[in-house]
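Look at the two complexes coming up: chain A is in both, with chain B in one and chain C in the other.
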Partner chain A sequence: MSETATEQVLTTKDGRPLKASLARALRREKLRALVLIAPLLIFVLLTFVAPIADMLFRSVENSIVEDTLPQTVNALQDWDPSSGQVPGEPVFAALAADLKVAVDLKTHTRLGSRLNYEKTGISSLFRKTGRRVKKMTEPPYKEQFLKADKKWGQVDTWQTLKQFSPRYTDGYFLSSLDAERTAEGLQMKSEDEQIYLLLFGRTLMLSIAITVSCLLLGYPIAFLLAQLPLRTSNLLMILVLLPFWTSLLVRTSAWKVLLQQQGVINDFLVWIGLISDANRLVMINNQTGTIIAMTHILLPFMILPLYSVMKTISPTYVRAAKSLGATDWTAFWRVYFPQSVPGIGAGAVLVFILAIGYYITPELVGGTSGIFISNRIAYHISSSLNWGLAAALGTLLLAAVMILFIVYDKIVGIDNVKLG
Partner chain B sequence: MSALPPYASAGQKLWHYTFRVACGLIFFFLIFPILVILPLSFNAQDFFTFTKEMLAFKPEGYSFKHYQDFFTNPDWQQALKNSVMIAPAATILATSFGTLAAIGLSRPHVPYRSAIMAILISPMIVPLIISAAGMYFFYSRIGLQGTYWGVVLAHAALGTPFVIITVTATLVGFDQSLVRAAASMGANPVTTFFKVQMPLIIPGVVSGGLFAFITSFDEVVVVLFLGSAGQKTLPWQMFTGLREQISPTILAVASLMVAISIVLLTVLEGLRRRSERLRGLSPG
Partner chain C sequence: MKLKSTILAGTAVALLGSSAFAADMTIVSWGGAYSASQNNAYHKPYMEMNPDVNIINDESSAEAVAKLRAMNEAGNITWDLVDVVASDAIRLCDEGLALEINPDTDLAAAPDGTPASEDFGDLLVSECFIPQIVYSTTFGYRSDVAEWNGKEPDDICAVFDLETFPGKRSLEKRPINNLEWALLCDGVAKEDVYDVLETEEGLDRALAKLDTIKDQVIWWSAGAETPQLLADKEVVIGSTYNGRLFALIEEQKQPVKMLWDAQVFDLDGWIVPAGLPDDRKAAVMEYVKFATDTQRLADQAKYISYGPARASSAPLVGKHADLGIDMAPHMPTDPNNAKNTFLYNYEWWADYRDDLDAKFQAWLAK
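What follows is the complex of A and B.
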């Protein structure tokens, strides 16, 4: 039986089984496609994906304590903070040895400022002790350290040190969620110290407000453009595409000029007598400014997907509904609107994804109340230099965007993204 | 909807005109901020609003002094020079890698297609501040932070998704049998690519390139973190100008950039019409 099967196998001219030959051709085809894609894939992996991965790693990385004070970390392993006692002489001896090396390498100040993010005062403690440690030659070290700074006699100083001695930490993520680890365990920070949850909440609320106002302004425009004859709609489309192609900074500067207290809008309102010169509206450096400017900037991203969906809705359905006795409103709401929902989904998710990560516009017109989480990330990178916290905040923002992107992919599909 | 039927009731007429007026206002909202800076950039005073002289159309209310400042101020000229040096390099990198990859992706059998697509599109999706933060940390480690090539590589990565998307869109309508025909006539793959495939997909490549160019030319977040003073670009200069002290020169720069976007828009529209005509989608 097997013999007859082999005889029946179709072969190519050179005697190969057809199946194997096809598989080989397919493999070659796949390889050829990959060879074309490979340069860009490698390029993007090196210049873009690796940096992002590096940042994600930074949000948990914490080798600085172990690298700077290796012996102390080792000696601290047996110490239990809940005992309420400061560690004993061996730990102090290890610290003295570590610090002497660190002072030579000048790394103790870096460690001090790193731990200062977790507990204020540690930076100066390390700097002060660093100046004194050279003179400590003879044991017992404990008393000499306590003389250098009495903070070495406090349990929570040592607790912070022990808590951040592992190579990986969840400390940055806890800080980004306004939580901290105290002697009593995981706790939320006190109300007045909570800033990040508030900021995440505000970023979310403002992005929703911007998305909704884009939808309210974009839907009628897309509807009108889809109804008008092609010649007219192409002409009006320029009014949508020109802002789309205009530099972000140009549009932000335009809003800065318009919304200022001595700006065009206020001048106009005073001139027509709607408001008095003394009561000029405050429309910039607050949430109003952010919402107005970002709605303007993101509106084309709502109109374009909506328009491309509405263009495919056949007008005959609406005519049929009307001929069956539907009023204009019923025909729109029951027949037209449901067909335009995919466009609303695509536009809304796109605008929301773009809004939630915005940095430049809130920075320039948002003041203190209209800024986003991005602005805080930028602050931690360039001003406070708390890079781990910036990375943790960035990771959380990235996770939010990724989830939204998966939603977008389900609604529209990445392949179907259209531009212009 | 488009035209009001003669039998329309008063209510329908009212709604028709209300809707048109509402749309007119939204169009006004879209275009007014861009148009208003054009006359303001000729302000003879250092104000950000219309002066009495300007409203009365008196010639003394207008001047070219902000433009003059832009063309003589070394800060702005350095920024312009940097922008002009960075954007084309990034565009060339993004367009050449992106076009090749798009051709590869549009072949019928690509393993892990959606995963590869997701990675290649990701620079467009990830918020710029996160890209900037990641690149800042990573490029500092490998010594690219604050260098010309660091900024160019970063901008090229940000521009590639646009090239992929536009070129893939053109390739959807591409007839693969043309390649087979060329091959059967004895053309090698390279000849086939340049003589057959390239002329047909060139509109997509050019508009992808324009997207990549404008991405780099307008980009400010990444360059703020990744560049040093030597890589100050026009958007960077505008950003610091707007944040620290608003100088009216910004309005002149903004007006020039609006002119650039009008040129770009015209080129793109021409390309779109050409490709539609080639595919017989519209009479042109």
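What follows is the complex of A and C.
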């Protein structure tokens, strides 16, 4: 039996088994394809994946303490914060040695700013001590440090230092969730500092509201566009595309002019007598402003996928339904609408994901109640320079989008999404 | 063969061309009327005198610290000179991201021979900082508000007085300055403001004061917003930089007046990024020497109402370049305007910024 099997193996002309030869050809084919796409792959890896990975890594990275104060971190290992005592002379001696190096490299102020995110006052503590440390020559150092700043004599200064000694930290993530690690363990921050959970929730709710209003406004327009004869629909399509091509800032500023209390819409409402001059509507610098302006800006992202899907729905189905006795509504709801669901899916996903990461429009029209989590991320990147916290907030936002995406896939099915 | 030699020749010409023509110098500033004033007062005359220098304007000063840090991490400094506020200059200098300057050798002396270190005096707040101007954050108000019954605000507490001065206000969307003004109007003495603010109760007190006007406030994040809101009659009083209000009042002729009371002084100036190659460093130092001399700083005041940072420039401040009005009375440092000024504490804010910002933003969001 086995003998016949070996005999029956097909071979190529040069005597190699056909299977192996085929596999080799396929492999070569794959390799060639890989070489062809390699430039793109390398480009994507270098310019897209690597920077994002690097940025995300910052949300846990915390090597600055150990890099700046290596001996101190080492000496602090034996110190127990719960003893209520400030560490002894060896730790201070290590700190003096580390700081002398750090002052030369000017890295101590960076460490100060890093630890200042966790405890107010450490920034100036390092700045001040940095100026003094050069004059410290003879041990014992403890006295001299306490003289330089009394904060060195406080247990919580050292506790912060010890807590943030490890190379990796969950501190940024805890901050993003309004929590912190204290001597008593994990805790929520005090009420007057809790902001991020609120902002995450608000970003989610407003993005959903924007997606729904885009759908409500976009569906009839896309339907109309798909039904009208080509010449008319092309004209209407330009009306959709023109604002789409206009600068985002121009459109946002236009909404400011329209919606403000002394703006065109309020003036008109006062003029026709619907509202009194004293009770002009507040439509901007709040959530209403954000929803209106962003719905307008993201509307084309809903209309275009909807339109391209509706265009492919053959009118004969609806006609057939009607000829079988369906009313207009039944024909639409039972026959037409289910076929347009892939377009709704694509539009909704597109609008929602764009909305959740928006920050320019909310910044300009959102006031304080209409801003998104991205506004805080932008703030931490460019103003407060707390990149770790920004990275943690960004990671959470990314995770939230992915979870929603999976949920969406489970409920609607991502295969259902059609972009054209 | 012919093709090869053509390419080679072309490359050689291109190389020669680029070295014979202008060397680029990227100068970073804030944009708008401020960049325009620098362009007129420094960049244009310098490029006329040195045709081999080509100045490129970048308007990213608002993110200067973040970007310089990123450039430093990447080891590729693309900026030659950066315009920053004093607190950012201190921070950059402390972190070793800015070059240390020796005022007496690196900067031009005054025409009468006074060394630069004396001429700039106290305004040299950091070893890396070359001050250009003194500006202030202050309030402007509309002078045609019917509900005010002819009254006009003359002190800062008018901002918190909704009974005498009803209407919307605009304030900056950050704690700095706002908390100080709130405490001043809650009866705290000027010299005690930061001691009070340091305590939990002090912060609560400041926020409670701001609470009294919270629903009447539009919060701004860009300096151009308040002038726009004032022009649109959206707000009746609002804080911004004095130069922006000057443009609104004198150039756009809006019915707006300045409220100089409790104006907060701040400085703006140059820093040279650390780690520049030697040739670029030499070029930029030569430019800095020119751009910060007595005449040039006085020239800038022709285009914008910010006070020159050199004592010797002040007497040279003349008339506005286009409007022909006398600029001296519009400077925040003019004795008539500077009757009651407030100096904000950079050092203190360096420590408390993170903490107070979190609390302030949480307060705003509620």
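Side notes on the structure shown:
Going forward, the second predicted complex is superposed on the first by the 325 of 420 C-alpha atoms of A that agree within 3 Å, B and C clash if a C-alpha of one lies under 4 Å from a C-alpha of the other, contacts with A are read in each partner's own complex, and residues count from 1 in each chain.
As a convention for this text, a residue touches a chain if its C-beta (ideal position, glycine included) is under 8 Å from a C-beta of that chain, and two chains touch if they have at least 3 such contacts.
Small disclaimer: the values here were computed from a predicted structure and weren't measured.
Contact with chain C, but none with chain B, is seen for A:N386 once the two complexes are overlaid on the shared chain. Of the two partner chains placed by the overlay, only chain B lies in contact with A:E29; chain C stays clear of it. Legend: residue contacts after superposition of the two complexes on their common chain; A:Q262 is shown touching both chain B and chain C.
The partner that reaches more residues of chain A, of the two candidates chain B and chain C, is B. Contacts of A:M55 after superposition: chain B is touched, whereas chain C is not reached. Using the contact criterion defined above for the overlaid structures, shared-chain residue A:S314 touches neither chain B nor chain C, since it reaches no partner.
In the superposed model, A:N116 makes contact with chain C only, not with chain B. When the two structures are aligned on the shared chain, A:V240 is found in touch with chain B, with no touch to chain C. Of the two partner chains, chain B is the only one touched by A:I360; chain C is not. Of the two partner chains, chain B is the only one touched by A:L248; chain C is not. Residue overlap on chain A between the chain B contacts of one complex and the chain C contacts of the other covers 260, 262-263, 363, 381-382.
The part of chain A that touches chain B in the complex is made up of residues 26, 29-30, 32-37, 39-41, 43-45, 47-55, 58, 217, 220-221, 224, 227-230, 236, 238-243, 245-258, 260, 262-264, 267, 296, 299-300, 328, 353, 356-360, 363-364, 374, 377-378, 381-382, 387, 390-391, 394, 397-398, 401, 405, 414-415, 417-420. Contact residues on chain B toward chain A in their complex (touch as defined above): 1-2, 12, 15, 19-20, 22-23, 26-27, 29-31, 33-34, 36-37, 40, 47-50, 93, 97-98, 100-101, 103-105, 107-111, 114, 116-123, 125-139, 141, 153-154, 156-158, 160, 162, 164-166, 168-169, 207, 211, 214, 217-218, 220-221, 225, 235, 238-239, 242-243, 246, 250-251, 254, 257-258, 261-262, 264-265, 268-269, 272, 282. For chain C in complex with chain A, the residues that touch the partner chain are 62-63, 65-66, 69, 91, 94-96, 168, 173, 218-219, 221, 232-234, 347, 350-355, 357-359, 361-365. Chain contact summary for the complex, chain A toward chain C: residues 105-107, 109-110, 113, 116-117, 120-124, 127, 192-195, 198-199, 260-263, 285, 363, 367-369, 376, 381-386.
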